[in-house]
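For reference, the structures are reproduced in the following blocks.
Two complexes, one shared chain (chain A), two partners (chain B, chain C).
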Partner chain A sequence: MSSNAVTQQPEVGAYAAGWHDPDAKYSFRAEPGLSESVVRQMSEMKGEPSWMLEFRLRSLKHYQTRPMPTWGGHIDLDFDSIYYYLKPEADNARSWDDVPDAIKETFERLGIPEAERTVLAGVGAQYDSETVYHNLREEWQQQGVVFLDMDGGLAEHEGLVREHFGSVIAPEDNKFAALNSAVWSGGSFVYVPRGVQLEIPLQAYFRINADKAGQFERTLIIVEDGAFVHYIEGCTAPTYSSEALHSAVVEIIAKPGARVRYSTVQNWSANVYNLVTKRAVAMEGATVEWLDGNIGSKLTMKYPAVVLAGEGATGEVLSVAYAKDGQHQDTGAKMIHVAPGTSSRIISKSISKGLGRSSYRGLVRVHSGARGARSNVECDALLLDEHSRTDTYPYIEIDEDSASVGHEARVSRVSEQQVFYLMQRGLPEEEAVAMVVSGFIEPITKELPLEYAVELNRLIELEMEGSVG
Partner chain B sequence: MPGTITDELSPVEQKLRAWQPDSDIPQWFSALRGSARDVYFDTVPPDRSDEAWHYGDPRRYSLDGLDIAHAQPGFNGIRYERICGLTGRPSRVACLSMVGDNVTEISSSTPLRDAGVVVMSLRQALALRGDQLQDYLSAGLVPVHRDKLIASHYALTDNGYFVHVPAGVEAPEPIHLIMESGEPGSVVAPHVVVVTEAQSRAQVFIHYLGRNDDARNLQLGVIQSHVGDGADLTLTKIEHVGPLTDIMTHEAAETGRDGRYTSIAVHFGGKHIRHEAVLNLRQPGAEASLLGMHLVRDRQRYDFYTQQNHQAASCRSNLLFKGAVQDRARASYQGVINVARQAQQTDAYQTNRTLVLSPAARADSSPQLEIEANDVRCSHGSTVSNVDDAQVFYLQSRGLSVDRARRLIVSGFMAEIADRIPLATARDYVYNYVLERVQ
Partner chain C sequence: MIEITDLKASVEQTPILKGISLRLGPGEVHGIMGPNGSGKSTLARVLAGDPTYRVTGGSVLFHSTDLLELDADERARRGLFLAFQYPIEVPGVTIGNFLRAAVNARRDEDLPAMEFYGMLQERLKELGLDESWGNRYLNEGFSGGEKKRNEILQMMVLQPELCILDETDSGLDVDALRVVSEGVNQMRSPERSILIVTHYERLLEYIAPDRCHVMLDGRIVLSQDGVELARDIDERGYDFIREQVAAQAS
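Moving on, here comes the complex of A and B:
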């Protein structure tokens, strides 16, 4: 435990969740910086099997030798001043009453208890690097559904974890996947047995709460034949004065005929680097959908991917990005068509305000033999101010003559006509612009559960304040 | 250091190393070549991390194993006349041919000459209009330092063409420039400068012709066009070269206020073909089109790289590249629209459509946007697919064979570009080629 975090005062700004819990306590806080001893210490404290330690060390080695990516956003971060492992005081709690008061208050402000009061069960909330609260409905347990934090998943289902962990995203995939693989902590482990249809989404809230806290969640979702799950991850972080790094890895395995939907609305504070690797494998006839909302952060680099490995598999990415002054959203999607009859769709909407920069970066690759593969990509960018910036970098690589692939992108500003129309119906200009922006992202928000759609719209409205005049 | 690998230098590199400025050539031009030679020997080839070379492979245009081309008569007069439509009216068309490093005038046009239009070899221009040429070559439209390949062009170039259309003149006849590959095992580096002064208008055709090679040969060409205020230039490039020819051409244009520029690039034949088109819209009100069509066959490898740089307000640019890939060929397109902060009221479009006709054929496409101004209309689109079965079925129901139907559909697909070629004989040639060669 260190006193640094406690003395830091929050910066109060337009950021909705920009408060800081001054009493956050950590039972263990590793030295800043990364070394083999930090990794060993962490693995030992977690009581992990030796293969996981070996996996971490192999990943660390790759991370240390792999150069920083030269594309994408500008990363200006002192990796040696980051804390790579934090363990909060509270142990995993089964019921709400067991959660310590300080942590409860954090959740209170995030609206978790409301979610709990409604039918939104199965709340797994991550407080810094460890999941402290878990609740899984009994009926699901009876169905054999597993929804644990990743460390718990490793402890209780080692066989399943060992088989699938790192099978979709190898540590060697990229520098930040290697970093996560070395120091991962927390995240979710979800297992849905054959044929189980989860009608109520699984939700996990997590947040960075200590100054310089690195968050390296590792999520693994395994969905067996014909099963369905909707996993929702929401994310807000208080505003800090120094940089913070978030580098998650999410792996999804959708077995034949399964359907997985993964929804995220991320609202990082403006100093966070969010460098995330998310990838799913869709087997025969499976469907994987990523819904991705990115607001805030200093730089986000995130390209949810679906490997369409089985015949007739379907992949979809719907994403919204919002960048304001000093922010760069470098987001997109990847669709890798390997099997015949696969189809994919990417819809990306971005909004740039002030000097904000949003970039779409995406890949559609159709391998030879993926007969009749189809893919369609649509990117729309909205520029709110004179010097807002947007980029589009799609890569289309087709090695199959029966494939059909299309990509379209459009760039525009808020239409004066639309604003004028709304104003003559009595709306002030600011509201009129906000309404046009809401309409612009509506194709994505309508896919989100209601409370998330409301939250996303509200966040964007807050971000839009003062954008007129 | 370069000195330590002398043994591995190709004949042309050895000559470059030993090259001494020629006293007949203006000093500034020798200095340009000399500095390019230094860049060439001091830099490594670009790799994939250089966005311009994400899909291209610079090794395909390397000087390995090659020697400098020597003038050799050998153009295929019949085919060339067919394309240019020279037959029957040779005295009215200006036509120059470059074989190896030697330019000959095949025919001249009296109306063009009377109008004050200058069409000459680069060497002639260096001797007669050196100061004028220096302004254009030193302006940096195609920077020597861009990469090792552009440097190799400048280091090697000692001939090419210079076209000058004076202010207010409408060139009464098209201008034909022919580029023929050198002998097998050789490299040529033609440099073309086209200047259309304010309020002038011209049509320039550049024909790349080749023979049936028995060894690799290479062309490293640069075409730079300067379109004055209110001027209108149409540049049509038709490449149809032998099966062992590699060509990299960098085509750059800059436009003045309200200038108009149209580039049409047709590519057939060759082995490795790279076409780079860079458009710099430097003054308000300009309008430009970059059009391309290609049929890529056998084991050919084509790659296209384009930039639409909007540096001034109220300009329009439209790019449309259409291609068909068959057999084991591969075509890649990569291009970017850059809209600078001051370039408000920009209209910019970029479309790449590719038909993949055979199972082993391959296509890549990466149309990109980088936009820093908000009052703009920008869009791009890219499609990759085979011929639509429904269209083939429709034509079959009208009595056509599948084969015939596919050929017609592919040539119809190309028509959007082919119809823009401002010369009937060239249009016919292009259509016939597509109809005959499509699988």
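Moving on, here comes the complex of A and C:
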């Protein structure tokens, strides 16, 4: 199956006739809930090698026995009624009419092109960015860069995948990593050869995704010595998903001297539980930077991590979280210093509006032997309303005397005098508040590609409307 | 241009302005002096619409409109500008972006970016500010003098009709004072009125006022054309004024 082929949705009832395997003696049916047979079915339909099936089954076993986490947000889902792979026809049929008005309005105000709205709303089967994608693909091919969806990566680069898949995040890491490891589908596979500097960011958007909504995306990024890549996932526009559970896994391997930047802006609809495990291993002299923007979802639990495994490696997480009524962003970062001379920086900016809850949860661990490790954490919270809430859960574990670790935390409100000052220059109140808020997150938005920064600020402006009074 | 009649205002329960009446015609420059606690800065802030204060009586007509009915941003868009005494820091917001938003707030159609930045550069040159000034974050880490110059910069960009300067001279050294005064003098025009609130006479020597007033305990107690009153205060202090006022009352 070609990586950018547009795949037909299953046509007939509960039977996935469109997936017909020429040698097939079986027909595949969609069923809710998770079981060994669902996993076996999935793997067979994808035509995966047996080692991947075994990986999935081992993960499933762990998922089934692992208890739910007792910390973080409250997860209220009926796991047995979720479709983990195939969905029956009825569920797939959604029309533009079904899309909530609030989402349609936001598209309008953000000026999203018509063609993109249907894809973002989850009702379009495809968005043909083929022409843009085509030229970039040729360039990448010339440089030896591989950028496919994960299923394609497994099919065409089995050896590489086998070597690294699950090496950064084992299925046993946590319950939802185990779940993803059992039922993953879609996501990206990126391989950048030694010394290649990719100036143009790779965007997940360019991959025409066979699986809509990316429920259990699995991404693996391997960057060889001295190479550089910037990968961008997601978009600021509100993205509707009928699936309530999103559990992605992202693994990054940064070989010596490599530099990887991974930017995400997530704006899932308010029904989504977004439980993500993202981790990178940085080898000698390598740098990994996570830029993480969390605006949507009902609950996000996500702590991008860097294991600083090689001498002089550097890790950075810049994170923005915004929570309004009904939302809980439980986000942060993890930095694990294993080797000497490593440094890390975490900057977390969270905004709470109304009854929204925005928490910072982070870990800095310095192993014995990580001589001269340096780490700095800055977590700033901005409370917009009287009942807005923010929490900080910093974990600091240091087993090395020569380490230097700092942590600063600040909580503030939008000051009346700041708003008055801006209003005195003619800005209406909402615009004034939006300006203060965008100034608050500026250290992070300035690292995002311009269109994302602009969209993010516009989104915040929209959010501020009606927030004051 | 602006007509203030018996204006009274309090902060929480404490009355600060106890009945201010003042009239400024177009093109006029007035100075308001007074000791600490006289309420002169409060007057400036109440006119601008500072939410800290509650108006408890009186009226203000600005271009024949009831100013007190309008929110702070409306007053601003109608041409009222306050150069703050203590300009507040707004982290992460660049002066360039901020001023462009302020300029566009008064326009039906946004000013093209190139035009705006060209105009900003001209103003920066006039005030002796570096061309990178626009990239600095609004008041963040500014010295007192820089903050005051930034206020005047904003005034020159926004071209307001009524400029209220709240103790703009405090914290300025001789050179900065001169530059600021030149900026203000450049703004003088028959269509523009300027109200200068100050503790010291110095600024009024650079910017010759048409009329000066003295405030004591929330009231205007003395008014006189020209700058003589300011010079008297400089020579004899506010106690002299108090005595004079007391003598007149008896």
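The definition used in the following text is that the second predicted complex is superposed on the first by the 371 of 469 C-alpha atoms of A that agree within 3 Å, B and C clash if a C-alpha of one lies under 4 Å from a C-alpha of the other, contacts with A are read in each partner's own complex, and residues count from 1 in each chain.
Definition applied: a residue touches a chain if its C-beta (ideal position, glycine included) is under 8 Å from a C-beta of that chain, and two chains touch if they have at least 3 such contacts.
Given the structure is predicted, the values throughout are model-derived calculations rather than measurements.
A.B. asks: State whether chain B and chain C clash or fit side by side on chain A once the two structures are superposed.
C.D. replies: Aligned on chain A, chain B and chain C fit with no clash.
A.B. asks: Once chain A of both complexes is superposed, is A:Gln418 in touch with chain B (first), chain C (second), both, or neither?
C.D. replies: second
A.B. asks: Based on the superposed arrangement, let me know which partner A:Asp78 touches: chain B (first), chain C (second), both, or neither?
C.D. replies: neither
A.B. asks: Quick check for you: in the superposed arrangement, does A:Asp385 touch first (chain B), second (chain C), both or neither?
C.D. replies: It touches chain B, and chain C stays clear.
A.B. asks: Comparing chain C with chain B, which touches more residues belonging to chain A?
C.D. replies: B
A.B. asks: Should A:Gly426 be classified as contacting the first partner (chain B), the second (chain C), both, or neither?
C.D. replies: Once the two structures are laid over each other on A, A:Gly426 reaches chain C alone.
A.B. asks: Per the contact definition in the header, classify A:Val405: touching chain B only (first), chain C only (second), both, or neither.
C.D. replies: first
A.B. asks: Just checking: does A:Glu31 make contact with chain B only, chain C only, both, or neither of them? Give me first, second, both or neither.
C.D. replies: Neither partner.
A.B. asks: Taking the superposition on A as described, I'd like to know which of chain B and chain C A:Met435 touches: first, second, both or neither.
C.D. replies: second
A.B. asks: Quick check on the superposed model: minimum Cα to Cα separation from chain B to chain C, whole Å please.
C.D. replies: Shortest inter-chain C-alpha distance (chain B to chain C): 15 Å.
A.B. asks: Looking at the complex, which residues from chain C come into contact with chain A?
C.D. replies: Residue list for chain C touching chain A: 48-52, 71-73, 75-77, 81-82, 84, 87-88, 90-93, 98-99, 101-102, 105-106, 137-138, 154, 158.
A.B. asks: Within the complex, which stretch of chain A touches chain C?
C.D. replies: Result: residues 415-418, 420-429, 431-432, 435-436, 438-443 of chain A touch chain C.
A.B. asks: Quick one: which bits of chain A touch chain B in the complex? Just the residue numbers, please.
C.D. replies: Where chain A meets chain B, its residues are 70-71, 368, 381, 383-413.
A.B. asks: Under the touch definition given earlier, write down the residues of chain B that touch chain A in their complex.
C.D. replies: Contacts found on chain B: 49, 54, 341, 344, 354, 356-386.
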